[in-house]
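As written, the chain order gives the labels A, B, C, D and E, with residue 1 at the start of each chain.
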Amino acid sequence: KDINIIAVTHGQASDPFWSIVKNGITQAGKDQGVHVEYRAPETFDMVAMGQLIDAATNQQPDGLVISDPDPDALGPAIKKAVAAGIPVISMNSGIGAASKLGILLHVGQDELPAGRIVGARMKDMGLKNVLCVNQEVGNAALDQRCQGVKEGLAGGKVTVLPTSADPTETQSKIRAALSSDPSIDGVIGLSAPLVGEPAVAAVEALGAQSKVKVGSFDLSSAFLKDVADGKAAFAVDQQPYLQGYLPVTFLAQHAKNGTMPAGNVATGPSFVTKDNAGQVIDMSAKGIR
Amino acid sequence: MAETPIIEVRDLVKHFGSVIALNGVSLKVSSGEVLCLLGDNGAGKSTLIKTLAGVHKRSAGDFLVDGRSIDFESPRDALDAGIATVYQDLAMIPLMSITRNFFMGREPLKGFGPFRYMDMKRADTVTREEMHKIGIDIRDPQQAVGTLSGGERQCVAIARAVYFGAKVLILDEPTSALGVAQTSMVLKYIDLVRSKGLGVVFITHNVRHAFAVGNRFTVLNRGRTLGTHAKGEIAMDALQNLMAGGKELQELSGELGGTI
Amino acid sequence: MSTIYDVKDKLGRDERVKTSSLLTTLIRKPELGAVAGLVLVIVFFLVFASPTMFTLAGIMNIMAPASQLGILAIGAALLMIGGEFDLSLGSMIAFAGLVFAAALVVWHMPLAAAILIAFLVALVVGTVNAQIVIRTGLPSFIVTLAFLFILRGLTLVGLKWASGGATQLRGIKDVVEGSTLAGFFSGNALEGLFAWMAAHDMIDKFPNGLPKVSGVPVEAVWFVLFALFATWLLLRTKFGNWIFASGGDARAARNSGVPVNRVKTTLFVVTAACATLVAIITVLDAGSTDARRGFQKEFEAIIAAVIGGCLLTGGYGSAIGAFFGSLIFGMVLIGLTYTTIDQDWYLVFLGTMLLVAVVFNNVVRKRVTGER
Amino acid sequence: MAETPIIEVRDLVKHFGSVIALNGVSLKVSSGEVLCLLGDNGAGKSTLIKTLAGVHKRSAGDFLVDGRSIDFESPRDALDAGIATVYQDLAMIPLMSITRNFFMGREPLKGFGPFRYMDMKRADTVTREEMHKIGIDIRDPQQAVGTLSGGERQCVAIARAVYFGAKVLILDEPTSALGVAQTSMVLKYIDLVRSKGLGVVFITHNVRHAFAVGNRFTVLNRGRTLGTHAKGEIAMDALQNLMAGGKELQELSGELGGTI
Amino acid sequence: MSTIYDVKDKLGRDERVKTSSLLTTLIRKPELGAVAGLVLVIVFFLVFASPTMFTLAGIMNIMAPASQLGILAIGAALLMIGGEFDLSLGSMIAFAGLVFAAALVVWHMPLAAAILIAFLVALVVGTVNAQIVIRTGLPSFIVTLAFLFILRGLTLVGLKWASGGATQLRGIKDVVEGSTLAGFFSGNALEGLFAWMAAHDMIDKFPNGLPKVSGVPVEAVWFVLFALFATWLLLRTKFGNWIFASGGDARAARNSGVPVNRVKTTLFVVTAACATLVAIITVLDAGSTDARRGFQKEFEAIIAAVIGGCLLTGGYGSAIGAFFGSLIFGMVLIGLTYTTIDQDWYLVFLGTMLLVAVVFNNVVRKRVTGER
């Protein structure tokens, strides 16, 4: 009998981060010889996501991978899946609620602690006034990153700058923010292609490379090039590929042999800096990192 | 007719931005009489009756209903005061059915309390009957008004106004799109309505139609009243000339055999 | 006198109307197009989707989102027939959700009071939208667009204030635990019936003996009732006539004595109330609310209404059409997850299905109504 | 008039869904003659001329222009074939200026190659002049058509058709909204146009207008031709009765003093 | 004969027209409303924003996004005046960007060929949109909505194929290095002038002597030229007349001999070409393209056009209005970053500013044109 594994996440296939997750899932499916499917709501929509989990449960897959940015909203749907006897692994977010809901294990790390670690690193770099550029305000997962940075940068000031998916607009807004508040000394983007790259361009256009440090969550090949060239300080890697690859592998093994690791797997955050950026660029251009 | 007129306006002025549409117009209508409002194209007839019907607010002047000065906030007020109007552009919704247009704003209800609903059957019957009276035999009262011919549409508007008119009936060129039979019907109707004691304001460009039913004739020209004449006081030819706004017509008319 | 006009033949038929079969007459309804579109979509999924889609559980799974969308779509359809748009619909869901959730968990109000407050907010927002549109004469598109931003922004600010910095507000389930009133807005209806059916092996069960489907989602009940009510309203009441008139030609309607402003204000309030109802249902179901709730629902609602045959220019459309439009759109949205189509192709298929369904709907409608 | 007619239709049939609007209509128009198309409301006159003008496609029947069978794909084809039409609903865009409406579809150009642009000054002058000829003195050719009075709007449509009419001029109730002076003008115009050798199809409900300019009269009734009569062959009264679709009018007309 | 009608007074004035001052006549332009809205917004920011906003650098910073939006808005405005919408505009930016980038880095075409191919795709997409709208008679809203999904989906699929799995395609800068043609689509124009001005201390410089602002963003030049061209087209050409006619009343226009279908097809192609132009500019500027490019730009474009006075129902509007509308929207969008307003309030302010600008615009327009 074919083994069927379904992944339901809150990130769209067109989102750079989640597209890598999906690549990991697809590859794991191939490697394990199981059938995998990736599904996500059209926007960050917990109600729709709960309905997608229900739809997945109805199909009685041999394993279910979910992300869980709102355990309250998704709880009932997850519990139903568990009650239906489907092994569930959560990834990326929701580590805190995993065991309570009957989830077998969690792969990845919540956004909030990830943000804290980034904040702490920026504090180490001596930054005091950081601009957290959020391309999708209201996406609770992204909001948590900024919140975490704020907590990590204890004592420093963090301002959230809401922007959109338009790089021109983002660049202009960052330039505007930097020129109206000259004390800003750090910019952290929540997406490397949508924010990180325009941020580097904005800092360059203002001639403030020496003063303003740029970092970003997630990777993109162009941003990694900036890191390698020293135009950006660091990129934060959660290894989304693994967040997709591992749960599918675990569930496939579980279906075949009944095995399952005993504890949660942390996939990040890890920092990519000038020293190691070069190795990552090519992998990133192919959607693996 | 020494009684107070149902409607009276004095020195009415109406501006649209820089356009002066009415520049001092006076008229009165008493019950049981047909006042014909005549005048050239663009003289301001429609603007005047729209002011009477509550569509426009006057810029200056007096407007009295039953001898009392009045200000209509909306056409609904005018309707509630018993003034029903057939507009030149008919005020119909092409996408809606004949019945729905007929009863628009005055729907017949059935049931009680919050569960009152439109009595569609009665509405259909009334519509069909009223249209029949005016000489139009409609195929289906649920047909969209937009698919009716120009004259059929006009008849719906007239039948509606007549059906709901209580005190005054205002008709803006009601016969212009009508066939011979329907025109006769409408004129007969006007006569009937008058004899029931309503006042009628009847706008037309056809001096024969005006003479057929009118008691008095008020002529507008370029936003001003040119004067009012009772039926006995003026000949059809003289009226015809007045209507044309003082343009000499003999010559033109003569060339075409004097038939206009 | 009536004989003068009587040129009908002996059977009372008008010679100017072609005779048509009973069947043609029966189905000469514009809504038939939307039904045909739905049939097409169902056939597609019967062929290409996993058979679980059309199990009882699968259908209920489609009903939940389709019903939520449907409640909004019918509200939007009424407003569109009345000649206006409400783009703040989606933001209103978030805002009403915030107010409702905050009333429960921040101000610790009883459920009934929280529901009342939420609907009061809808009344205010709807009235404000309407009054600005009416007084300024601006297109409602641009006015409600401003409120799309404003309400979404206020939700964000309010959430941060209510939750102390986060953009999620949780813990609603604990507060409403055990309230009977909550049963009207969340969970399933007819649970007893389904349990009984499960006990008698009439429907599928989980290994633990519970029925796989524990009832009809409560929003589906609201959806059907609202669709019936709206249809009755549109076709059989005075107010329905006024809605068509206001949307068909506001000036003509006003000249005929229809209180157009009152009609439009009511419709804006109804639309906002629909958003609030959906907000309450989703907040109670999810037990939480966040700043992205209802994102872009205004467009989905308009899409569903247009699929169902509403004209964007106003004055034409039906609630029953919006009903089927929501089912089509909701089925396509969820249905694609039952197919093996790769998620990367998801949008391509969504667009294509939409187009095909709408074109088909249109062709059928033209055929049956004889439009050219 | 033994020459081939400019326009000829035979047994034309037109259905709208289940509605049969035309059910076998025949007529012909030769150059230098005015054909009056008469008939009751809803008889199918507008539907017929819309078929001639390329708006509707016929369901069955023959349509010949200059003796050759033809199929217009769009009104533009008809215009290019020299057939200009004044529609009953005028075909005007209320939001656009008088000049722009006047020249819609036939804009006068200036400049060369890709840089050709509308000669607005000439367009304004021509519009003002043509309107003046028909008896309307417009305030500003850039005024939106939507703010004109009903009759003024009608005059724009007529002036436009006359200006661009090349072979045949079709007028659907052109005089219905017009004042006395403008009506005279339009009738004189029709006379002028005929004398220039164009064919004219003139729809009206006013038998006097029809008699003033018409050479032949074709009567429609409920989608069928009732017959065609030359001017000398029929009296005004008989024609009047035919127009009403066979309804006896004497009685009605009598009550109102025989003035209709 | 002319004397018969001559009742004008001796000065040739018509007694039915109130005399108005030269000033009133001069400014009796509907566009004045949009200008007034812009002035209002500028005054607001002069008072509340950091003074750096109105330095040369600040203005150029606003010009880049406002110009890109403006190019789209003028295209959308032309189409709206012609009576149709194009909701696929934003997705078209992404799709054209993909085609353009793939032509450069995957197929290794020269820049000119890549540009040509991108515009060819625009021609095809515009034509397909138009043909479906015309042949089915469906509202363009729903047809182009389907293409919003389809093109966005195809972009994702195409990107993954072109990049071997990622959602971003980069390396464009290296490929076009040193091409003169690229200068027309990226970077700054008038760089010589600005360098000269810097050398003569007329504008701010960096410590190293280079001017802080090295030129006018090239999209601003396109924007202004396109606005001028579109204005000329609308007001002075035959085609412009046809656009107004097609949008005002397609049936009446068709009856008057306007080739409505041809007009609409052309407009759909123009709109798609606008999206393509913006795509080329942003791809060259950023050196990369991704699956989210142009997200929701269709709405921003429509918003800007409506702010500028276009009617959603078609037949009315102006390119110059869309020009100012884009400046207003672009300025509000970026300008709030220059203020000290808490960014959580961002959306609230965006909505409020929009509403205020539009209401003000409307009031001024009514005042000057005497509409009631």
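Criterion: contacts are C-beta pairs under 8 Å (C-beta built on N, C-alpha and C of every residue); 3 or more make two chains touch, one makes a residue touch a chain.
Since the model is a prediction, treat every value here as computed from it, not as a measurement.
*Asks:* Looking at contacts between chains, which pair has the highest count of C-beta pairs?
*Replies:* Highest contact count belongs to chains B-D.
*Asks:* Report the chain whose mean Cα position is at the greatest distance from that of chain C.
*Replies:* Measuring from the centre of chain C, the most distant chain centre belongs to D.
*Asks:* Report the chain whose mean Cα position is at the greatest distance from that of chain E.
*Replies:* So the chain farthest away from chain E turns out to be B.
*Asks:* So, what's the distance in Å between the C-alpha centres of chain E and chain A?
*Replies:* 34
*Asks:* Could you give the separation in Å between the centres of chain B and chain E, each centre being the mean of its C-alpha atoms?
*Replies:* 48
*Asks:* So, what's the distance in Å between the C-alpha centres of chain C and chain B?
*Replies:* Each chain reduced to its C-alpha mean, chain B and chain C end up 43 Å apart.
*Asks:* For chain E, give me the residues that contact two or more of the other chains.
*Replies:* Expected reply: 5, 16-17, 152, 156, 160, 311, 344, 346-347.
*Asks:* Residues of chain A that touch two or more other chains: which are they?
*Replies:* Those would be 13, 137.
*Asks:* Scan chain D for residues touching two or more other chains and write them down.
*Replies:* 16, 19, 89, 135, 139, 247, in rising order.
*Asks:* Report the residues of chain C in contact with chain E in the complex, numbered from low to high.
*Replies:* It is residues 132, 136-139, 141-143, 145-154, 156-157, 160, 299, 302-303, 306-307, 311-313, 344-352, 354-355, 358-359, 362-363, 366 of chain C that touch chain E.
*Asks:* Where on chain D does chain E make contact in their complex?
*Replies:* Listed in rising order, the residues of chain D that touch chain E are 53, 55, 74-76, 79-80, 85, 87, 89-96, 100, 103-107, 109, 116-118, 120, 132, 135, 137, 139-140.
*Asks:* Across the complex, what residues on chain A touch chain E?
*Replies:* Result: residues 13-16, 19-20, 23, 137, 159-162, 164-169, 171-173, 175-177, 179-181, 193-194, 197-198, 201, 207, 220-222, 225, 284-288 of chain A touch chain E.
*Asks:* Going by the contact rule set out above, which residues of chain A touch chain C in the complex?
*Replies:* Listed in rising order, the residues are 13, 22, 37-40, 42-48, 50-52, 54-56, 58-60, 70, 72-76, 83-85, 137-140, 143-144, 147.
*Asks:* For a test of understanding, state which residues of chain E touch chain A in their complex under the given definition.
*Replies:* Going through chain E, the ones touching chain A are 49-50, 52-53, 57-58, 61-62, 64-65, 68, 152, 155-156, 160, 163-168, 170, 206, 212, 282, 285-288, 290-297, 333-335, 337-339, 343-344, 346-347.
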